[in-house]
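The block underneath contains the structure these notes are about, expressed in structure tokens.
Just so it is clear, A, B and C label the chains in written order, and each chain counts residues from 1 on its own.
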Amino acid sequence: MVRHAFPSLTFGRYTSSMSTIWQSLELLIVKGLPTTILLTLGLLGTGVLLGFPIAFAQVYGYRPLRWLCRGYEQLFRGIPALVLILILHSGLARSFNILLPAFTSALIALGLRSSAYQSQIFRGAIQSVSQGQMMAARALGMSKIRAIRYIILPQAFRLSIPPWTNEYSSVLKDTSLASAIGVLELTKQGTLIFTRIQFVMGVKYILVILILVAFVYLVLTYIGNAALGFLENQLRIPGFEMKGKVER
Amino acid sequence: MNESQSTVTNDVILKVEDLHKSYGDNHVLRGVSLQMQRGETKVIIGPSGTGKSTLLRCINQLSVPDQGRVWLGDKEITSHHENINSIRAEIGFVFQSFNLFTHLNALANVRIGPMKVKGMKKKAATTLAMEELERVGLSDKADAYPAELSGGQQQRVSIARALAMFPQLMLFDEPTSALDPELIGEVLEVMVSLANDGMTMLVVSHEMGFARSVSDEIIFMESGGILEQGPAEDFFTSPKEQRTREFLSKITELYGD
Amino acid sequence: MGFFQFAWNILPELLEATKMTLWITAGSIALGFVAGIFLALGRVYGPRPIRWLTGGYIQFFRGTPLLVQLLVVYYGLPPYLSTLGIRISPLVAAIIGLGLNSAAYQAEYFRGAVQSIKSGQMMAARAVGLNRVKSIAYVILPQALRLVIPSWSNELIYSIKYSSLAYFVSLTELTFVGKKIALHTARTFETYIIVAVIYLVIVLIVSRLLLTLENRVRIPGLGAPVEHR
């Protein structure tokens, strides 16, 4: 079975350890990486789609609505991501016979979590656009909606990029938790590889595999941050300093 | 002051009747009434915290008065039948802190009103915006963003932004109070030329020189009410009320006029 | 059996597991705190190689998933440690793994706090005659510690939630025991919901307590922006 699952790892005593490592890296990248990337993007997207309306409702909505949103936010910030994943996968499957594919369970669970955090980001950004901007827009005769659309949101968008870069990093790392329910993302692949490899190469190679996995994550983090940094620069308003520190 | 004023037809642009406004326990406006004819320039002066800014904001409803009525021409702003947004499009407001839209350059700031409120097409709005920027002397800064402009320049752009809407009335809320002294002049210059062009202007300011030279009437407010008002020349030379005299002497001490 | 009856039945076992959760949390945040301060001070006041090393440490621990770090400590390192004759229990592994991670974040919060203290404070301390170490100890640190409270509170909440990762090393903390019960009783969904509620309650209580602490220790005029993970 090992032969079939890991054809490149069936080696005799003659294969050098270097090539094993190379093959492991290859396996990680070919099998694990796409899943991780897909999951990350899916989570970010879900987070925006759910998080933005919630942020909007929290800033401009009526009090009961605001109260609800705050509750949503508290809920998903108080429960560990792992527990959420288990609820949506094992919980639904065993108690209600709703068998979601592991990827979907992870997507929903972590997506809900990300939306709670992202709603905070957007809410903060909208609220930090100064009151004077709204006043000036209304003074010109813009309706509240138009003012929000043309004056507040463009500025809030720019202000939310630095904390959102942070969220990208969080989400990327969260995807590793999907390994708990068997999603074949980077960490799970790595675990599978080192579990096999310890019999072939010796237990000391576990660390090597794990370092490889860590390395891939670092590269992904770097690329994502660079891309978002580029976006931030493209949208930069000359002379306008963003409030708050940029968290790496 | 201006000969032409006395021959102007009875064309009341603004009428304010018995405005009251409280913030919590603080009764800021206590029954203020005034009127403005087309082309008049009036300057409101007085100690801080006496409701001068509140008065202006109550006129275009950025603050909603608790009591009293306001008319723009023959439309009653304070009645619920009127669309406040279309009323505001007729009133230009210049803020003490400029409030230029920070994500837009000067040109975009000036043309967004005509485009998004009045529905003007981009090309026409751009031409109009350039004209107004020209009028305030900043056509060469059309591409600059607010953060790249000096305070005086920002305020002039904000005046252009208000002018681009062709307002019937312009309200100025301490337009030069946030400016460094050397930048005040360029803004006052623009305001003087506006007044001379016949714009109806209600200005809250500490700039006595401006008040004296350009306004038709000075209004002195204190403790939420109008204490004294009258034509500029008379006002400065022979104020009637004791408090007015005290205030004026303090001001001339500070500003030297 | 109704939901509440069920909940009542499994509660004792879950609360026992909660104790483990709290131990893990306490251990990791304490380790994180001590290591974090040293890392931060090294990063701000140290010579270049130290700054470089601590910077690398922080980049690594913040740029890779906590789970991977935990696996390194629990599966990756022991083969090497055993040649040195060191054996670590799952609990110690969890605390070290989580603690080293927390240290990286706390180091950053701490660094932010230290750097936001005006340079005039250090200058004044030196002017009075305190040497570098004493200035840091008696003038900078006391202020920085207050400034860092909001971020630290945040980190504590995260530690509580991330203790759930000890699940992966089979430690009998809340999530792991929850799973055990869930599979045992086949009332999976309800069990996990109860587990979730327990976490929520802990987080809410701790948040409240921290808020009171913050207000007690507040010095008028001294405040810093809250930083987040």
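We take it that contacts are C-beta pairs under 8 Å (C-beta built on N, C-alpha and C of every residue); 3 or more make two chains touch, one makes a residue touch a chain.
Note that the structure is a prediction, hence the values are computed from the model and not measured.
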Overall pattern in which the protein chains touch one another (line/ring/star/complete/other): line
Distance-to-centre winner among chains (Cα means, whole assembly as reference): A
Centre-to-centre distance between subunit C and subunit A (centres being mean Cα positions), rounded to whole Å: 21
Distance between chain centroids, defined by C-alpha means - subunit B, subunit C (Å): 56
Whole-Å gap between the CA centroids of subunit A and subunit B: 50
Junction residues of subunit B - those touching two or more other chains: none
In the complex, subunit A residues that touch subunit B: 130, 132-133, 135-143, 146, 150-151, 154-155, 158, 237-241
Subunit A-facing residues of subunit B, complex: 60, 62, 85-93, 95, 97, 99-103, 112-113, 116-117, 145-148, 158, 161-162, 165
Complex contacts: residues of subunit A adjacent to subunit C: 74-75, 77-84, 86-87, 90-96, 163, 166, 169-170, 172-177, 179-180, 187, 190-191, 194, 202-204, 206-207, 210-211, 213-214, 217-218, 221-222, 244-245, 247-248
Partner subunit A, residues of subunit C touching it in the complex: 59-60, 62-69, 71-72, 75-77, 79-80, 108, 112, 157, 161-162, 164-165, 167-168, 175, 178-179, 182-183, 186-193, 195-196, 199-200, 203-204, 225, 227-229
